[in-house]
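Each structure below appears as structure tokens.
Note that subunit A is present in both complexes that follow, paired respectively with subunit B and with subunit C.
And now, the complex of A and B:
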């Protein structure tokens, strides 16, 4: 039977938590609250701020740059997640069937993109996608598919797709790892009994594995979406938001608004609106995954 | 269900934190430019006292496009052992963001690289220190070392906010071998029609790309900016243009945009479709590899690039869309932020850096200095320096950051990607009217 903590224990617990709580409040909570206040102000970052109520918000809704950058961010976020999650599950399903030692080698290799800094990934793909000397166009030429060659990052029709694909490639490793971790905790008896009933691996995968790893899929989907929708560095390194403003995501536009146009108040508003849109998208994702969860 | 909600809320909060934290900033307020800042301290009193104790100086001025920078930086440190000088590399493509982030963050560098002719924006936001008292001390001892035309570029409402170290304007480097193969004679001055004819000859006879300019906003915009300036100059409206008095229905913008579209659509702009995302390093490499007939670069780097090339290089003027060429630009220089920690020490460092000893190193690498006490003897440099007669450093779009960003970075790419002329020019007009009302 559990004992009620004594007052002394509670105080001791609070004492232990206090430094961490203070650090979180100082480095996270206060900046967020400060951002919330700035969102209602006209502030150039240097002089005195003026309270302007909802002016920044009404400007944002009629700001075509903001609307277009929202579209770009969500296009990258949604498309990359749609690519990363199925690819990650597929990779996990493959790795799950190979031997213990080969499996661990594959897992390391497939997880490497998650560990590479985005700036390096951006540079790497900038070289690969170079229209003149890049590997992608050279391979297409060698395969006799020269007509498919493009200036991938300078073409307004391809630039967002390419960035989204790179995002998917990067995050697939995370889904793979999380899915694999769930898969190995599935009891072997379930596979044995289904095999006796004549089920092959594909059938086992869809009828046993997928329902049981759903919580992990939910986590990796939401996490991938959060990371990819708020992409800044990858896009900035590869295109700086160009050509023109075609690949300008909300974080890039926020940075420009704050540090180039010296409009910190409006930038804070954009951040707030973007966060609200992101939260709504996450709630929607949660609903999509709503259903019965099975205990392993 | 409750767990799910808690989980959802936690993730939502995480997203909110990550994103919204980008919008906030430190509330450190710099002193106002000039009057309220530190230059009032006697310049003459600065040297001795500061020299006694090592003072940390953050020098955000290492523009590595100049091969002389490393040697100059080393010499600067050697000459000023009393200062601990941190040499920081400049990326001109993101310089506005770097400067404003540093100053807003309350820990700016002591010296920043910037173009004197573009200081209006910085001064308007009260980010720069008034250097006039330092320049005019001791009967203008420091002021008299500069070429007056270049020093005056950083003068706003009678006060100096920037000191120049060299002139900066675009030129075109010609690959003589490619021109010879194409049967084209490099001309010192070209009209736009002659330039396009040369491009056509190069493309059809040699197969290489005729022309390259990098896609960074401060580079690709040379085409539209110099085009419009040249066209306006033909009608005697250059000054009116610089004052924001020329509307976009003047015809200059439309003509210039269509000329640029022609260049792009005909595939004369290296590397074709990818021209809107090509970097400076890539075009310079392509030029040195003989893949490009003409390279757009700043005058200061022309000599060093031509010395690296394994073929003959001729430096010519930018082609004129109007009757004659008008060159944008002016100078490169340095300013001290209004909230610099050590303004007096920063001035001492600038005096040494821009003095004849260190600027002679700059010249030995092929860059004409703004220090007029140094004599330029290289004939190529002397020729490039004659181009300054076409220089007109005042441009309307630098008055306001949003207009600058649009005019330099968005207008031409948007038009080339299919936006309607009415829309792209309409947006510029709105920005212009807002900036000059």
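And now, the complex of A and C:
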């Protein structure tokens, strides 16, 4: 039985809660509120700020760089999530199948990319994608597909696809780990009885496993999307937003607007619009996953 | 039995092949960079693919001393260790308060924390930069430690609150009957029991802060101090063709992460899955 809140108890609780609350308020709530204010101002960061109402917002909607950067961010976010989640589920299904000891070794290795900082992943792939001596072009040459060789990161047609693929490579391990964790909680009898009915593993997977791991699929989809839609590090390292502004994601454009062009008000507006778009997308994703609910 | 031993074995082999293929894709970039970190520049350009002709350790010392990776390594260690400590201590306190003390509005407070986690960092860094430069602390270690701690806390509180709630009441009752104060039972019973969750919080935050780039770029834009990821970028843009030392630097960034993960992966996996299955 939980005890009733007494005055002493509440005081103790507040004392314990205060430091965390203060840190969160100072580093997140205050900046968000201040961002909200600056978004309605014209300000270069030094002189006096002038209130300009919704001017920044109307500028943003007619700013082709901003529209393009939104498209780039969401392209990377959606495409790499679409790659990472199914791949992660496939890997989890395989790890689950091969059994406990062998499976745990694969699991550890497949999770490694999730831990490596995006900046380092960017460097690794800059290496592998180097047009003259990078691995990817060498492999294509060996396979007799030399005509497919590209300067992958300098080519406006390929750069966003490549970044999205790398994003998928990075996040697949997370989906794998989370789906695997819910797979092991599925009662074994379910598999045995369907096996007696003659169902092979692929059919078992679609009819038993997939419906039951839906909650962790939801968590990993939302999480992968959040990480990848706001890609900054990867793009910054690999292309700096180039060629031209093709791979300029919103965070890159915002940082440029604020710290290169000293347009702090406009940068705050872009951040606000981007946050709203991102939160809407997440709400939509949650909706998509709601549908029917399966229970064991 | 309809289902033969053979098709069972076949299924196992197919999954094994799929796994080995993806393990190769996953691990190759890391193996590649490790191999090249041991080659001399000539060796590197002669054949990127081959194993090194002779092991060339000097890449490591070159990166560590000449490219100042050692100095950045120290900076990152100081910042990340202190931030993770703050997150763990404050997180344990708040998680306990929300999970065990029956405070009014506990759910609402937790929701507020999680909502704060949802805010994208992109719209925080610029106002935070302005706040901190007005306070005159921008570019100092503290200007990294504070936001790192504040940004890591919501999830830490969430994980720890769930964990504290799962500890059976009987233990606390016993202590209470023996006359232990609220503070004593917190310190002597709850905190030691929560060690696995605390380990999860430590690893989770260590891994995500070790490579943090966005805020570091902004906060340290005019400072001479650099963190490791930032230092590597400078290295890359100044010595772009020096692949050997650059590879060595990359390996040195990854090493602590791999070590931390290997030592504590059991806890880490338990922790993230416990948190995820709640949702």
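Convention: the second predicted complex is superposed on the first by the 288 of 296 C-alpha atoms of A that agree within 3 Å, B and C clash if a C-alpha of one lies under 4 Å from a C-alpha of the other, contacts with A are read in each partner's own complex, and residues count from 1 in each chain.
Criterion: a contact is a pair of C-beta atoms (placed from the backbone, for glycine too) under 8 Å apart; a residue touches a chain by one contact, two chains touch by 3 or more.
It should be emphasised that the depicted structure is a prediction, and the values quoted were computed from it without experimental measurement.
In the superposition on chain A, A:181 makes contact with subunit C only, not with subunit B.
Residue contacts after overlaying the shared chain place A:24 against subunit C, while subunit B stays out of touching range.
Of the two partner chains, neither subunit B nor subunit C is touched by A:53. In the superposed pair of complexes, A:32 makes contact with subunit B and with subunit C alike. In the superposed model, A:271 makes contact with both subunit B and subunit C. Contact with subunit B, but none with subunit C, is seen for A:262 once the two complexes are overlaid on the shared chain.
In the overlay built on the shared chain, the residue A:119 is in contact with subunit C alone; subunit B does not reach it. Look at A:279: by the touch rule set out above, it reaches both subunit B and subunit C.
Set against each other, subunit B and subunit C differ in how many residues of subunit A they touch, and the higher count belongs to C. Once chain A of one complex is fitted onto chain A of the other, the partner contacts of A:97 are limited to subunit C, with no touch recorded for subunit B.
Overlap of the subunit B and subunit C contact sets on subunit A: residues 28, 31-32, 34-35, 38, 45, 230, 232, 250-251, 254-255, 258-259, 264, 267-268, 271-272, 274-275, 278-279, 282.
Across the complex, subunit C is touched by residues 1-5, 8-10, 12-14, 16-17, 19-21, 23-24, 26-32, 34-35, 38, 45, 87, 90-91, 93-95, 97-98, 102, 106-113, 115-120, 123-128, 133, 135, 138, 169, 173, 177-178, 181-182, 185, 195-198, 200-201, 215-216, 218-220, 230, 232-233, 236-237, 250-251, 254-255, 258-259, 264, 267-268, 271-272, 274-275, 278-279, 282 of subunit A.
Put simply, subunit B touches subunit A in their complex at residues 4, 8, 11-12, 14-25, 29-30, 93, 96-97, 100-101, 103-104, 125-127, 215, 271-278, 282, 286, 291, 401-402, 405, 409-410, 413-414, 416-418.
Remark: subunit A residues 28, 31-32, 34-36, 38-39, 44-48, 130-132, 150-151, 153-156, 222-223, 226, 229-230, 232, 239-240, 242-246, 250-251, 254-256, 258-262, 264, 267-272, 274-275, 278-279, 282-283, 286 touch subunit B in the complex. Residues of subunit C touching subunit A in their complex: 1-3, 7, 11-12, 15-16, 18-19, 22-23, 25-30, 32-33, 36, 45, 48-49, 86, 90-91, 93-94, 96-98, 100-104, 109, 113, 116, 118-128, 130-131, 146-147, 149-151, 153-154, 157, 169, 182-183, 207, 210-214, 217-218, 221, 229, 232-233, 236, 243, 246-247, 250, 253-254, 257-258, 261-262, 265, 269, 272-273, 276-277, 279.
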